[in-house]
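As written, the chain order gives the labels A, B, C and D, with residue 1 at the start of each chain.
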Amino acid sequence: MSLDLQNPKLVEKKFKVIGSRVPRPDGIDKVTGRARYGADFTMPGQLIGLVLRSPHAHAKIEKIDTSKAEKLSGVKAVITSADLPDLTKGDRMMLDLLENSMARGKALYDGHAVAAVAAIDLPTARKALKLIEVKYKLLPHVTDVDEALMPDAPIVHPHIITEGISSAPMKPTNWNKACEYGHGDVDAGFKEADHIFSRSFKTEQSHQGYIEPHSVSASVSPDGTAEMWVCTQGHFVYRNQCAQLLGMDASKLRVTSSEIGGGFGGKTHLWAEPLALALSRKANRPVKLTMTRDEVFRATGPTSSTSIDVKIGVKKDGTITAAFAELRYQSGCFPGNWAEVGAMTAFACYDLKNVKTIGKDVITNRPKTAAYRAPSAPMAAFAVENVIDEAAKAIGMNPVDFRIKNAAHQGTKSSYGPVYGPIGIGPTLEAAKNHPHMKAPLGKNQGRGMACGFWFNFGGQTCVDLNVTPDGKVTVAQGTVDVGGSRASIAMAVAEEMGINYEDVRSVIPDTSALGHNDMTDGSRGTFSTSMAAIYAARNAITVLRERAAKTWDIPLDEVEWKDGAAHAKGAGHGNRTPLSLADLARKAGRTGGPIAGHAETVADNAGVSFATHIADIEVDPETGRSQIKRYTVIQDAGKAMHPSYVEGQYQGGAAQGIGWALNEEYVYGKDGRLQNAGFLDYRIPVCSDLPFIDTQILEIPNPNHPYGVRGVGETSIVPPLAAVSIAMTNATGVRQTHLPMSPPRVLKSLKGKK
Amino acid sequence: MQFAQPSSVKEAVTLLVKEKGNSYILAGGTDLLVKMKSGSVEPDLIVDIKGIKGLGEIKKTASGFLIGAAVPCAALAENAALAKAWPGVVEGASLIGSKQVQGRCTIAGNLCNASPAADSVPALIAAGAKAVVVGPKATRKMAIEDVAIGVGRNALKKGEIISGIELPKKLPRSGDAYLRFIPRTEMDIAVVSCAINLTLDAKGAITKARVVLGAVAITALLVKGAAKAIIGSKLDAATLDKLAAVCSAACKPIDDKRGTKEFRVEVAGVLARRVAKIAYARAGGKI
Amino acid sequence: MGVHVHTTVNGDAVEFACGEGEVLLDVLRNRLGLTGAKEGCGTGDCGACSVMLDGRLVCSCLVLGAEVGGKKIETIEGMADGMKLHPLQQAFIDHAALQCGVCTPGFLIAAKALLAKKPDPTEEEIRFGLAGNLCRCTGYDKIVRAVQHAAKEMRG
Amino acid sequence: MSTRHEIHLWGALRPLAGGALSIFVEADTIREMFAVVGEKYPGMVGQIEQGIAVSINGKIYRDQWDVELPQSAEIYLMPRLAGG
């Protein structure tokens, strides 16, 4: 495809469809109960799969006896790690995935799978699990990030030696990776400072908390072909990874993504899918494996708990002379690079002469962590923004003005290295400063906090296939899973580009056999990169349509232009020809060269970084520590909001998740290393009555790297809330809040400290 | 597993007596079914009592109210007379779970489940309510505070079922109230709770009082000392301080995922003050 | 063993056999093919499986199939009137009150039950009326607005 | 003759380059750059295979290896991050 078609600079200035609030194509199915999610699918002759999980935080598996279970009538397959040989050829990350889906000799956390069964029904499968005898030898465990770094801490993996430090220690450790970012000379910078502020912070582990538990239906045939129906943020990635782990050809494993009941990063990662395939392969029957809510909390991928130290040096005039942070991130029972991301994002909002961040990734006996919406950034922002707020107040500056004074801008050398191009933090801060929310009066026991957040957005590989049907309508098949309404945006982009009605475009997500590889819906890439590919596919289809019109009229291609959904002849001689509509050209396609289609296979890099500023009002009951969010405002740049309702929805959803994390959501582990609150009763996500309306302000600073100026919006909205809410609580209570979540017992204790 | 829907209490009792294995009574089922799902209970017999005539009704009797064992908590709030007479009892019952759970759960079930945090129990104890217990040989009445004997353990004998809860007539110049502490606004289990029922004399001085704390010991606590602390008073500031202190001192809580000991001890006192004021106002007192 | 049950679902007489311990949610989904009610938790904490049982809002994961003989069950599949969506369903689409949509059937059933009791609810009454239904995508903002809009429309 | 560029390394790569903060490479595209880096520092090949993001004058590329390296461009190697 020619480059000019793919030139993002071809920006449509006046939009007809983009920016309107059309009904989503999956709306009616979802309000009538017709939409099919992971667990709503049934295969003929399907068996029910169940997983036996370790009740221990850390234990050697000395023996697994499955014979009794195998003998039980109705049981068709029982598997252990012996049925999942290591085919990863030294790819440690893939082996970790495999070992996480089924323990290999050692149970690494409470909930780690040790065996699985497939039986004719649920009661039989439950009986079978009880018949599996596992002999464990308990090992000492560690679940706290700081305790895991102690010299005498139990070691989770004997093979792990700290990566990334020049003088690598020789003995095994739970500190799997070190990293460092920054520039300038922080020591000199602190010497220049009139005031130095430093604090330590902790955040507890939180879960994405999607309402739909993971569910997969797998059918493996003896000829090596297989099908999988699964709720995932990326069916192509699941296909590639499952094929590698089970020794199948990716081409023979056909994966369909169901409607997905929330993911937020938690469904970017394989969990029980390899087990479903292995069970089906062994039983030679389709197997459906659906997690319980308890399994979702114990055995999928929450985000890191953290321990963070921040130090900032400030001049009387408000200039930050130096900034330092050490960030320790708990990545669960396998290596992660979450501290690295925290270290990169921590100070990304600011223009700093001297900055240094150190990241330490730490392994514990907790579930393997996964991405959670702008992974790692919210905790780092919580720690940094609190010290920024403290510094501003201490030198008598308004926290907004203090941030504006030190905000990063075009030409700023970012704290993670590169120099920024045009960026949007300034506008969000100015908008916050002028927002009526900032001037609204506060009541008794109420406090207000504001905070900034940064996130890298991603682009990645996308495959789109656009077909014109013989009646002149259009189907657009995209490989990017729709997690929150992107099918609507993609249809809008196609309608806009082709000059046709939104209603005439059918937007679908086919299975992995119908398109080339497509990255998953993560990194806020879904609408950004898929709409880009859809626009390019439409432009290619338009070229074909112009060719067909030229052929029909027997005039040169360059004398045919496409506008308002029809081919128009231009230039002397045939300016008076009646335009050929999409329907005209489609009906005659057979006689002008066959079906009409447009394709795009793209890599959309350079998605452009994203910034947001949030304002939170909170009211606290000083006698009990209980709090309630009274007002909340999200200000974020969307580049161009293709469907404003769903952009607002992303802002509001991210804010609500952040509020829950700030106030009540946390993994509670007992001394025995077991998760105490693996359910929605005691893992407390916000309910409807916990929240106010969440105001949003969409800024539209066109993204130069997208044909319509679109910027990803999915993740950044969860970055500022932890900071904004904790600063509001600090202002309401007069005590700096340094430990999240700010559950009533923690807040009440902090108030005691004050007295 | 057997599932039975008897049409009389007598029939239900006979079924329970006959069953050799684990038998469970199904009223609302909002606790039983959760335990079955987790595998922590595996019944051999489930006796659904919702089909038994009369058990689904709230009756106004000469001595007060009789609330059938199968009456869903949502129905309590819908009964104007009951809500007027015992607002605290109705508040407690109305706080169990969500609207969805309200449509199923029962106060008799909440009582038999014997959770220290049961929302409907403290107010029933404060009100001096009694459980009507039907057994193979006889029918007896038990004070609510005697039903739960430990976490998840109740005093019912083999074959006994609670057919209903009796609430006394509301005395003149009396009022009751219930408050619980939860981190969210809804959907949580009480971290601490308190119910108070009190009666005033013509001058507004407290003549009778029952003060009950929930979730601060293995069962709900009837704190006699707390009642003493407020009887004779008009709930002046000093009395409220005393009440709070006695309540905090009475707590024997644990640290768990829902709260710490020190938090429960302190908040028990805070709630007691707040509940006392509401009950006092409902009794017609003025602070 | 198993029990044989005659009941009414969305106005249709149906009969099914199920296990003594089998919950209504599994009966609806696996035996009657009505997968609109979802299992989000199985413990009555998320409301995704909400249905009406003899006019009361319940979690179908906390009801035994064996219990529902002779009762009236209403599910999301029965909410629209033929081709015509219920005002709540239309409002959820118009107000973008769903993202992933998995909690939507439960919210619609609960919202309908709320409006049957309170045709003109305050924002607070809506928020507490829907507190038994968890949504992780929307922050509830657009859900509450959709219910306010539908309530107004239904009052005429 | 390809242009000489200074390539800044992030922390985790420095030990693989003998502790250097940056290295000098003659290349005109990201692909050429990685080829040279792989030869000079075999220890980095694994990382390059797993994926490295390249920031060129502040624009971050993860997959587009055809992108050209402009004269005296500011080039940073960064970890290839995952999002939610």
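To be clear about the criterion, contacts are C-beta pairs under 8 Å (C-beta built on N, C-alpha and C of every residue); 3 or more make two chains touch, one makes a residue touch a chain.
No experiment lies behind these values; they were computed from the predicted model shown.
Undergrad: Give me the two chains with the most inter-chain contact pairs.
TA: Top-ranked chain pair by contact count is A-C.
Undergrad: What is the distance, in whole Å, between the centres of chain A and chain D, each centre taken as the mean of its C-alpha atoms?
TA: So the centroids are 26 Å from each other.
Undergrad: So how far apart, in whole Å, are chain B and chain C when each is placed at the average of its C-alpha atoms?
TA: Roughly 29 Å, centre to centre.
Undergrad: Taking each chain's centre as its mean C-alpha position, how far apart are chain A and chain B in Å?
TA: Comparing mean C-alpha positions, chain B is 44 Å from chain A.
Undergrad: Considering chain C alone, which of its residues make contact with at least two other chains?
TA: Within chain C, residues 19, 21, 42-43, 45, 128, 131-133 contact more than one other chain.
Undergrad: On chain B, where are the residues touching two or more other chains?
TA: 37, 185-187
Undergrad: Give me the residues of chain A that touch two or more other chains.
TA: Residue numbers touching two or more other chains: 208, 263-264, 292, 680-681, 686-687, 689.
Undergrad: Could you run through all the chain pairs that touch each other?
TA: Here the touching chain pairs work out to A-B, A-C, A-D, B-C.
Undergrad: Using the touch definition from the top, list the residues of chain A that touch chain D in their complex.
TA: Against chain D, the touching part of chain A is residues 93, 163-166, 168, 177-181, 208, 263-265, 268, 337, 340-341, 344, 371-375, 414, 416-421, 455-461, 522-525, 603, 605-607, 609, 705, 714-715.
Undergrad: Show which residues of chain B lie in contact with chain A when the two form their complex.
TA: 37-39, 181, 183-189, 191, 256-260, 262-263, 266-267, 270
Undergrad: What does chain A use to touch chain C in their complex?
TA: Where chain A meets chain C, its residues are 21, 23-24, 26-28, 30-37, 39-40, 122-123, 208-213, 259-264, 290, 292-293, 483-485, 643, 645-646, 648-649, 652-653, 655-657, 679-681, 685-689, 691, 693-694.
Undergrad: Would you pull the chain C residues touching chain B in the complex into a rising list?
TA: 1, 3, 19-21, 23, 42-45, 47, 50, 53, 56-59, 61-64, 66-67, 69, 110, 113-114, 128-129, 131-133
Undergrad: Residue numbers of chain A touching chain B in their complex, please.
TA: For this pair, the touching residues of chain A are 126, 292, 294, 623-626, 628, 663-664, 668, 676-677, 680-682, 684, 686-687, 689-690, 743-745, 748-749.
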